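Both complexes shown next keep subunit A, but they swap its partner, so subunit B is in the first and subunit C is in the second.
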Partner chain A sequence: MSAAAQARAPQGAPVASRLRHWAERNSWTLALLGLFAGILLLTYLIQPTYGAPQLQGLAVGAMPLAMAAVAQAIVVISGGIDLSIGSMMALSSVTAAVLMKDQPEAFAIPVVLGVLLLGVILGIINGALIVITRVPDIVVTLAMSFVWAGVALVVLASPGGGSAEWLTGMVKGPLGPDFLPRALVVLLIIVGVIWIPLRRSTAGLSLYAIGSNRLAAFRSGVSVGRTKVFAYMLGGLFSAFGGLALTATTGIGTPVPGAYTLLGVAAVVLGGVSLAGGRGGVAGPIVAVFVLALVRTDLTLLGVNSNISTVIQGAILIGVVMFGSFLTMRQART
Partner chain B sequence: MPEMLLEATGVAKRYGAVAALRDASLSVRAGEVHALMGANGAGKSTLVKILTGAVHPDSGSILVQGTSFMAKSPAEARRGGIVSVYQEPAVIPDLDIRSNLRLTDTPVEPFRHWLQELGIGDLDLSELARDLPLATLRVIDLARALAIEPHVLMLDEMTAALPADLTERVLHVIGNQRGSDRCIIFISHRLIEIAAVCDRATVLREGATVGVVDINEGSEERIVALMLGERAAKSEAQMVARAGSGPSVEATTPRLAARELAVGGRLHDVSFELRAGEVLGVAALEGQGQDELFDILAGARRPDSGEVLVNGAPVSFRHPADAIKAGVVYVPADRAEALLMQRSIRENVALPYIAGFRNWGPIRMSAERTKVNAAIAQLQIDTRAASEVRQLSGGNQQKVTIARWVAGGVETMLCFDPTRGIDIGTKQQIYELVRELAAAGAAVLFYTSELKEIQLACDRAIVIFNGRIVAEIPVEEADEPTLLRAAYDLPKDVLMPEELAAEEVASDHATALPAAVVAPTDPADPGPQVSA
Partner chain C sequence: MTTQTGVVPSGGGLGVAERTRRLLRDRPLIPLTALLVLLVVLMQLAQPGVVTQSWFGSTIRAAVPLAILAAAQTLAMLTGGIDLSVGTVASMAAFIMATQTGSLGPEAAIVLALLAALIAGIANGIGVGVFKVHPLIMTLGTGLVILGLMNVYQLVVVQSGTEIPPLFDWLGSGTTLPWLPNNLFLFIPLAALIILGLRYSGYGRLLFAVGDNAVAARLAGVRVWQVHLALYIIASLLAAIAGMLVAGLVKTASLALVEQAVLPSVAAAVIGGTSIMGGRGGYSGTIIGALILTVLTSLLIAMQMPEAVRQILFGAIIVVVAAVYTRIVDVS
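Then we have the complex of A and B:
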């Protein structure tokens, strides 16, 4: 199995060689984790009382955006872009909230499954429209973002509805030790259970293949159209998770989408996913979401005007990505 | 007569007004290596795409082992045992090799076996495809195709721009497939390779099959005659008549001079002079530093040390625009690097002159048109598909690249393997064009991966090995054996190592494959590091 590594591994054992490869491939995510740790340290310096409850709040607040970032990352890896993620989240959120309001706890289980199915269907509609009509991704998903946003308002005209206790309980509070937020664990489990097996499957490889080089993928026998629909389907599924996370964390349904679509794109870029497709993963964007959220917290703690902190967030985004490509270029030159 | 493994008859395909194939037929026996020949634009690529299911024909029938087989996609053709290896490898750059194998359901052990056969058995499968050199990727693509034991294997310009040692191994492996139960359809512009490994050749011209030739002594003439059709059948590209006896203006300052150029570990102490009216050939094996040299001269990269002089004055190019302003223009091997594929011939030719920021405001259309038309006429560009350059054949695209510089009155032209993947007729036109430009006072630096082109187009040649200029050879002596010896950095009067001599014999006589094995090289460094 490790014949490959043995064949050329003057560096040592196959395990070491694999570890080196792994670290090389994930260097961006590892660096982001380092950045997150640094900012966390900074947070303690600014506010020595920052502790477990605040961390839990951070995770709860970041969970919907993290789902949006994962949805966007999958679509972008496959060479597309989905501008309807925010609207799909809103539609999922209000559908769940309306159906769960004043219903018995057990009824929420089929509701959650139904909403996830709804997300899958919305995603398939997006993908199928792109493949069949050959209208560019950005146009189709922009148009569909209006459609889903409108439908969400039809379902629920103003914030309302409700959430099952157990659903809210799933994201609030710690799990085991105080500093381990439950929302984070749930997020990682959901993403991990879906993404890790997928990445190792032919379907997952096909996502990277069509994003990396469509012609080569086609010639390798990958069905480009089907894979594209699959990518948007996953985007829809994670948008539905995001919508459920919104309902669970706020306890109500919100028909007007927040800035999740574009913040998701920002997290994807910051998370080391190439907008040209084919490169990156979902771990980077998730870390990026937490970095963005913590930076915002710090700016609030420092008493910076919230409008100014938006400006600063934008500047950080450009700065980090620029620094990253600068490093990549230097590496390529040597 | 043995049963035909693959039989295609009456295949036709139109793209809008352009008939890519009119009436193509192809019959291949099991155990045969069969050449598919034709000038650029004759329809070879279209036929291959139809056979592999990438394109659907308008009419015609395809039989595999006697039963009708019309693949609807490459995946289906693959399952039916028909696989193709293209000029651009079908390897996903962002996946490692192991994932690439899994994507195509390729068994790993046979793949390793074929890698071994092809001389890169020490490849690390967890390497990302984008980190590997193109030549290695092509070999990987071939090994991957062989690993699934196909009935029909198609190789489309597989050996174009492969370094000599890998070409050797590839041809050796292909030759060994003769007599097996599969067949190989081999497309190459290099007649020498055809003669070395193929049994028969089918010749296409203008979308129709015009003949099937048994490969033997003297069949090259016949193939070329069939390919060229009623056009004067030149047996091979001919030596172009030179204007006068080369540049006689030794005293004048050189048009372009390099002084001790160096780049990292890739280029050391490179100095030469290029004078007006001269075509200076550059010969080198793959990856000896010629890419870096041309990048520096074209302004795409800055040297670590050394300087470039234009007309005797030192220059420092920060950008290709600086080089163009100084009259130094670049013609790359890859047309996609130079052309706006979706735009018209006219816009492509005029681009360098309208891109200058100095002429804000309206483009002077009539003046532009006159220049562009003159250039198109001079280069005999086929203008049937004038609205989008990507519809042109490779040879015509290359002519558009050259035409843009001719239109502006070229002073110094850097040609980097300008005839790569181009048919013989167009190659000949490009040699003639280069000589005409030189006669009109231009200076041309001409790198080529086909060593015999040096004598066809150049006045003298420099040879680069391992980043250094190791020889300067006058054109009379710059025949293929001499250049090859110099390119391997072997002293002229010393006998070559046996395996290299064998290779040279093979390329001279093109009758048999060398039995000797060229030492496999590290895939990360494709340049043959043969020490004398």
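Then we have the complex of A and C:
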């Protein structure tokens, strides 16, 4: 590890140089954060009363998609793609809602743990099927999206169920100061606690390795199959978090999957993760989700028809990706 | 599995199992057709007497729009791409046609619908071909843009109501010789054009070349961006035709008309043996794939499976077919 650390930034290098190095590696995410700040400023100009309650609403609304984006980001980094995330979220959400309805508050703790375990199992099944059958990721997860959505319908035929008070309380309202939404803190803690240690571990490095160059990873002794299953397992786990966030924020479970799969892919690409695999992180996609949510808020505040906002979101998606590939092409030429 | 130890020299000495496996690999249509026949037999067993001429007619009538949508998907997949905007483009074409027939007349409405699809195709083609945006993202983005625009358009034409032009009413839901669906009159020439075009035309070969190795194709002098541009235009026009057929079949049009057929169109191409990685596949398999999915759906309905179980089996069967197929093709 020390060799790797030295390669990244020489020991004893000036703080400024290390900082510059760090900023260079995270330039895309930092640019997105800047964009978010800019749009937030714009929001205040449009609507001077936009304040803490609205920010909390923004965080609550963005939480499920942020989880979906993290799930997709991890899978995409490992060189795959998971089209069943929306269905897994629906299944987790209805399972949690059905089990928590009319139950004592304490009972919800094993339910939450059980749903997370369920997500892990779903992800392992996805990954194992891909590794064992050798069918392309996109095909297997596309087919499994039907399966998981079907199971969700078996669990709960129409929207219903309930959520424990404390689970809803975990995402609603501020934490400490008014401008700090509780949902955002919970999101960052969950993602941070799982992702930051992981990324520095051998398993995390393997994820990037198989996504970047599978053959080279294999020849360096990485167990490609096992790492792939691991990536999909994490995808399932974060989908389960997303499902729990859905139940917590809406108070019920809905068996029909939302557009989280494809919006998640969009956020991942906006967040600087290459669809070819091996590049990017989970911070970029999370910021991208908040940028998209805030743009939608602004358009609503401006009185723009919500259908036009869909057009604008699509145009932003295409525009940013085109800009990104334009930069890459120019770099390749010089 | 023990017979699969490396390549056996040509000439005698091949075991029966190995020979069967090679036959299946070289002629994927045989196992697919067998599966289709099996499903039809199961259908007859599930509901004795249901398999009649008119059943065949209505099955084909339902399968043709899916097969055309899957044609768009097959062509895109041959180059290693995918077109997720086919559902939106198809719905858009159907909706424009249905809302403009009253004011512009049927011919102009159809032309207008195809024109809109052409623009969508050009947008996809420029994004993928010129700007090298990943097809998944590009077509997803155009899908979002089109959906939003169509919602706005819907508000404008809310009073005009929908009217299906007589041509697509006849093509979409009419039958000749009591049971033969009229959409075959459109589909058979179209399918022949695609199958023969892929095999014998220069453009067809370019699609395979780009999908197999885009860099090699470019170094060999192929203008890859032009291939992509033409491909996504063709895909959008095919989607538009499929959408207008669906509108003729259900005799109405809405903005979500064809959306739920996007994933089955990918599934039909995959079951039909087209590789999502590009460079391998063909349209005849996709047609059988679309038929298999259609028969499967009606079989599950006939067995009175609830919607939930239908979805589960649908997904499971796609995985199994794709897995068996990959196993047959890969071990060579």
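As a working rule, the second predicted complex is superposed on the first by the 309 of 334 C-alpha atoms of A that agree within 3 Å, B and C clash if a C-alpha of one lies under 4 Å from a C-alpha of the other, contacts with A are read in each partner's own complex, and residues count from 1 in each chain.
We adopt the following convention: a contact is a pair of C-beta atoms (placed from the backbone, for glycine too) under 8 Å apart; a residue touches a chain by one contact, two chains touch by 3 or more.
Keep in mind that what you see is a predicted model, and the values were worked out from it rather than measured.
In the superposition on chain A, contact of A:Ala216 is made with subunit B only, not with subunit C.
In the superposition on chain A, contact of A:Arg279 is made with subunit B only, not with subunit C.
Judged by the number of subunit A residues each one touches, C leads among subunit B and subunit C. When both complexes are overlaid on chain A, the residue A:Ser206 reaches subunit B alone and has no touch with subunit C. When both complexes are overlaid on chain A, the residue A:Phe36 reaches neither subunit B nor subunit C. Shared interface residues of subunit A, touching subunit B in one complex and subunit C in the other, do not exist. Note for the complex: subunit A touches subunit C at residues 81, 129, 132-136, 138-140, 142-147, 149-154, 157, 262, 265-266, 269, 275, 305, 307-315, 317-318, 321-322, 325-326, 329. Every residue of subunit C that touches subunit A in the complex is listed here, in rising order: 82, 84, 127, 131-134, 136-138, 140-145, 147-149, 151-152, 155, 263, 266-267, 270, 275-277, 306-316, 318-319, 322-323, 326-327, 330.
Interface residues of subunit B facing subunit A in the complex, by the touch rule stated above, are 52, 54, 73-75, 78, 84, 86, 88-96, 98-100, 102-105, 112, 121-126, 128, 264.
Across the complex, subunit A meets subunit B through its residues 3-5, 7-9, 17-18, 21, 25, 202, 205-206, 208-209, 211-213, 215-223, 278-279, 334.
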